[in-house]
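First up is the structure itself, then whatever we jot down about it.
All chains are identified by letter, namely A, B, C and D, in their written order; residue positions are counted from 1 within each chain.
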Amino acid sequence: MTEAVEPGALRGMLENMLTIRAYEEKAAAMQAVGQAAGTCTSVGQEAAAVGVVAALGAEDLILTNHRSAGHLLARGADPARIYAEVLGKATGYCKGKSGSLHVSAKELGVVLTSTIVGAELSLAAGVGLASSMQGRNNVVACFFGDGAASEGSFHESLNLAAVWKLPILYVCENNQWQAFVHRRETMPMDHISDWAASHGMPAASVDGNDVEAVYRAAQAGIAHIKTTGQPYFLETWTYRTRGHYEPDDQGYVDPDELAAWRAQDPIDRLQRKLDLDAVEIQVIQKRVAQRIEKAWNEAIAAPYPALADLTSDVYA
Amino acid sequence: MTEAVEPGALRGMLENMLTIRAYEEKAAAMQAVGQAAGTCTSVGQEAAAVGVVAALGAEDLILTNHRSAGHLLARGADPARIYAEVLGKATGYCKGKSGSLHVSAKELGVVLTSTIVGAELSLAAGVGLASSMQGRNNVVACFFGDGAASEGSFHESLNLAAVWKLPILYVCENNQWQAFVHRRETMPMDHISDWAASHGMPAASVDGNDVEAVYRAAQAGIAHIKTTGQPYFLETWTYRTRGHYEPDDQGYVDPDELAAWRAQDPIDRLQRKLDLDAVEIQVIQKRVAQRIEKAWNEAIAAPYPALADLTSDVYA
Amino acid sequence: MQCLTINDAIGQAIAEEMRRDSNVMMFGEGVATKRVDLLNEFGGRRIRNTPLAEGIIAGAAVGASAMGMRPVIDLLFAPFMTLAMDELVNSAGKLRYMSGGQFKFPLVAMAMTGTGWTVGAQHNHNLEAWFVHSPGLKVVMPSTAADFKGLMKSAIRDDNPVLFFVEMAMTFDSGEVPDGEHLVPLGKAAVRRAGSDVTLISYGKSVRACEAAASQLAEKGVFAEVIDLRSLKPLDEAAILASAKKTGRVVVVHEANRMCGVGAEIAAILAEKAFVALKAPVLRITSPDVPAPSSYPLELAFAPQADAIATAAASLFESDQKAVREIQSS
Amino acid sequence: MQCLTINDAIGQAIAEEMRRDSNVMMFGEGVATKRVDLLNEFGGRRIRNTPLAEGIIAGAAVGASAMGMRPVIDLLFAPFMTLAMDELVNSAGKLRYMSGGQFKFPLVAMAMTGTGWTVGAQHNHNLEAWFVHSPGLKVVMPSTAADFKGLMKSAIRDDNPVLFFVEMAMTFDSGEVPDGEHLVPLGKAAVRRAGSDVTLISYGKSVRACEAAASQLAEKGVFAEVIDLRSLKPLDEAAILASAKKTGRVVVVHEANRMCGVGAEIAAILAEKAFVALKAPVLRITSPDVPAPSSYPLELAFAPQADAIATAAASLFESDQKAVREIQSS
């Protein structure tokens, strides 16, 4: 586990992070000009999504929440279909019925996305239970925020996973914000891992803006789950550098704190680490931008669902 | 805090424990012959109620749950009025509308008793908030079980109390049982104090069958709350030696475990410690028995509520 | 025919379905302690005690069902479901729709409810209407041992989340249950007693009160039809309308609180779709708008009883309501 | 008269009541961030951000209110209330009764709901009927800026738990609000438009759809009375019955799902107490029995619109329903 991650893999992660960034900045820009509904971006937090998802296997499952584009894209989602979902189009992953806040993509193993903060924790226990009952030998990665950890479902989920030995990788993206409230106002400690550790499971906290560190930490967690059959907790220490939901003027954010974290941007850090030359970076950025542009145009061109779909998909 | 508790006080505690024991055994006996509805007893756990309540002041408030007779009696409740409540009589503390499971007695500072396991924790936060807002300088003692600690409300309540600095003494009576399930099946550790400690508050665990130890531990907690304005957590390690609810044949209980704990009966232990002679003990027991007998007869003789009371007390 | 308590009828249904489908499992607080037969037959992986936390019990069921399991969960008493509303309503009820049909949630959530044990409002609160009001869920509340078995089996086989309510007062009552495979479809009411003059519509143990009322009425020469809804969602509108159109007079009976209850829904359906057939006002006999009291005499007064139902039904004949209407509206 | 957004009308109401009574306080997720005016005036002890946990927000409000505080809590969006049902229903709604009247719970729990922001079913779910069904609670859902202010003030002064629903689509709409002390009593409906031929009963922003429908109908010579319930519990039965008796024809309109909704309750009241006055079936125009979709065209189709209301109302005149009834029932 201590060898360096090979540069090719890291370059892939860089491209993934750039894709997420470009996807979300475009979504925000389109919202600003009235072409899309609001959405929650993960700008500044891309390393958590990319690092963890890179460590997962194809058979592993993912639960995410309202801030899901990073997880989806890291898992190989088609940006056109996410945009389509945000726009309420029939080609969206959920046929436009979800909108941006709860995008599931079962074909990618991204299941049961809920925007009820804390529900991802509750549902993950069940997904883990099914994996365990079905002898799937897979890992269920559950992404959630520091805010979600304040919900009772956090405690209930971790406890059940510990007692029933469920193969869950809890990934808490501690981005310091819980909508319009700073984490500091809502808990006495800084780290969610302190709470998790009391559940008798290993609970690590990692520099969430260092994608390589996140990747290795996730690998360690997955190895633990596979060898012990027990859950593992990983906190990524990061920052939400855009607002909670577009639009958001961030008037309530301490500008110094924001600036300090912007200086720790995970994409910049990886670029510096990889020491790519300007041309190489431009090539990647251009490829990413084209892909995102194309995806947006596809989504814009897609049809809305038929009115008959108002009443379909309620009962199985 | 290290001087011995003076023997007079301990004798008072003994009488209180005997009163609770007699009250509950009578209630169980009457249930067995069909004269009363079922009820939850705290036989074996009396030291927790008596030790903690003895440490409280008159201005302090208490929240309890389905297993409340001990807390009520320790606080000076009239056993006739508790029996009346259990029997659904108009003279009960709640006019017979509660029954045994949620007896509040505001006049004694025993407020908002709920049988929803975990609700006591949630409500205690509000009672603590009111105390804090009103500058009452009192302590709110919240009694709950090891089972209640599995509910999300445990986590939510402790966190709010820590963040808002609420004057709450959390008292977890870890009696090893959660209705028909042993604690061991529901959590990976033994002690609820492990969970509590992660909330950044002092979390002690005390021999819950040693009333003197409980009393001192509660005093220490109250002193902490009064000096720091912060919550304190106390676990009493004890055992429910009767069933969950009368009747209950305890067929699911390990007889060795039960026997081992019966040998630690808190009343026996205090009697041994106080080294009372047989006559002295008999005098107390007789006084207690007469009081309970009288209370039962009073309750039996009391009237049922008028039918008009079916619809009173809904709205203020 | 076998004679089983309702509790055993439920247990038998679950056992049969567990034998039939290895994805069926059951968990809840004390489930493995109380259903020892199931534990012995199916083992501790499929029959589990849980921590005391209704939210995660339901959440685990929802998540597992989406991945192919068919969990049955016991939430004990209906008021405890308040701690699982997000999981039941926002997740189980909505995530199929919200995901554009990617998931289904074949789970059964049981809870006891109703008067009879004087346990008070935090154990006895008839919440079935909440779930009827919520999209994506099904709701059953049987009244006979046979239906408890047959509906439980259907509920387990159904691909949707089913709320399964058990009248606590009836748990240990015995009744006949057909031998062999016995399934009762969701969404079909039963006519418990045929009649021509007035329809009494009910569910759960209020059906018994209706039957008793029907006997009282028969003595006076009024023939009441008694309909046992059995399923509250889907609701057997056809059965309701057919009977109402036949008799023209309807009394709806349930223990749940009155406002926005299932009785309101039935009266509303009648006011829309049986308007021309109705000869008299639609009456509702329900508990008053108060929490369930514990005290025995108050609890008795809280629940609809046969006398009140019979009196209400008889009142529909007292004056000629149709004539009154003609006078007033002309 | 001042012109205020609904959001500001609510803020002004809370500020006035906080000035008037030092026991009034407000908390919730982001409350202190979003209501900076209140924070500045009343400070961080009385205006608080909370941890992200609806259960404890509600539990703290219930506990504090029993001890003499008058908390206003913001639970953000109605579906999040599913995480506070125990506190709201089992504690706030029942503990007064269960304790034999020892406590009262003067608290206000706010939440946004309704279509208009295409946020989907986990932010938009009209749950008001659940609380109407539950004893011990009051429920309001205003439709004008003046009523938002006046009802919020009354809700804060009320000694009972009040659920206060805000149509998210209307939050930033402006309307006139009387200057000075302005109180609107709980439990009183408003006649938004008088009419003699048909009654449209509604609440929240569906009142606007009813008003638009009434205009359409007026063009055809049908004069609709529009009733804005404002309070759903207590429900102004007298106002409902008075109008129904006047017009004999009623359409009930709401965005909430149909089964066991407030519309069912109103139709049931009419079927019992206005039976003789009704000239036509009682119709309900509601959302279909599905979760609220996000996609804009589907969301629009989900909510009752003026055209459908007008068509429904007009249908009550198409054939002579009374004649039909006489033929069929004779």
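Convention: contacts are C-beta pairs under 8 Å (C-beta built on N, C-alpha and C of every residue); 3 or more make two chains touch, one makes a residue touch a chain.
On a predicted model such as this, the values are computed, not experimentally measured, just so you know.
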| item | value |
| --- | --- |
| Least hop count linking chain A to chain C through chains in contact | 1 |
| Chain pair that, of all pairs, has the most C-beta pairs in contact | C-D |
| Chain whose Cα centroid lies at the greatest distance from that of chain C | A |
| Rounded Å distance, chain B centre to chain D centre (Cα mean) | 41 |
| Separation of chain C from chain D, taking each centre as the mean of its C-alpha atoms, in whole Å | 28 |
| Intercentroid distance (Cα basis), chain C paired with chain B, Å | 37 |
| Junction residues of chain A - those touching two or more other chains | 95-98, 102, 114, 116, 118, 150-153, 156, 159, 163, 185-187, 314 |
| Numbers and ranges of chain C residues touching at least 2 other chains | 50-51, 53, 55-56, 79, 82-83, 86, 90, 97-98, 120, 122, 135-136, 289-291, 293-294 |
| For the chain A and chain D complex, residues of the former touching the latter | 37, 88-89, 95-99, 101-102, 114-118, 147-148, 150-152, 178-181, 185-187, 252, 304-305, 307, 309-311, 314 |
| Complex contact set, residues of chain B against chain A | 150-156, 159, 162-163, 185-189, 194-195, 197-200 |
| Interface residues, chain C side, partner chain A - complex | 23, 25, 45-46, 48, 50-51, 53, 55-56, 58-69, 71, 86-87, 90-91, 95-106, 135-136, 138, 159-160 |
| Of all residues in chain D, those that touch chain C in their complex | 79, 82-83, 85-86, 89-90, 93-94, 97-98, 120-122, 125, 129-130, 132-136, 233, 235, 248, 256-257, 259-265, 267-268, 270-273, 275-284, 289-291, 293-294, 321-322, 324-329 |
| Interfacial residue positions of chain C with respect to chain B in the complex | 29-30, 33-34, 49-56, 79-80, 82-83, 117-120, 122-123, 288-291, 293-298, 301-302 |
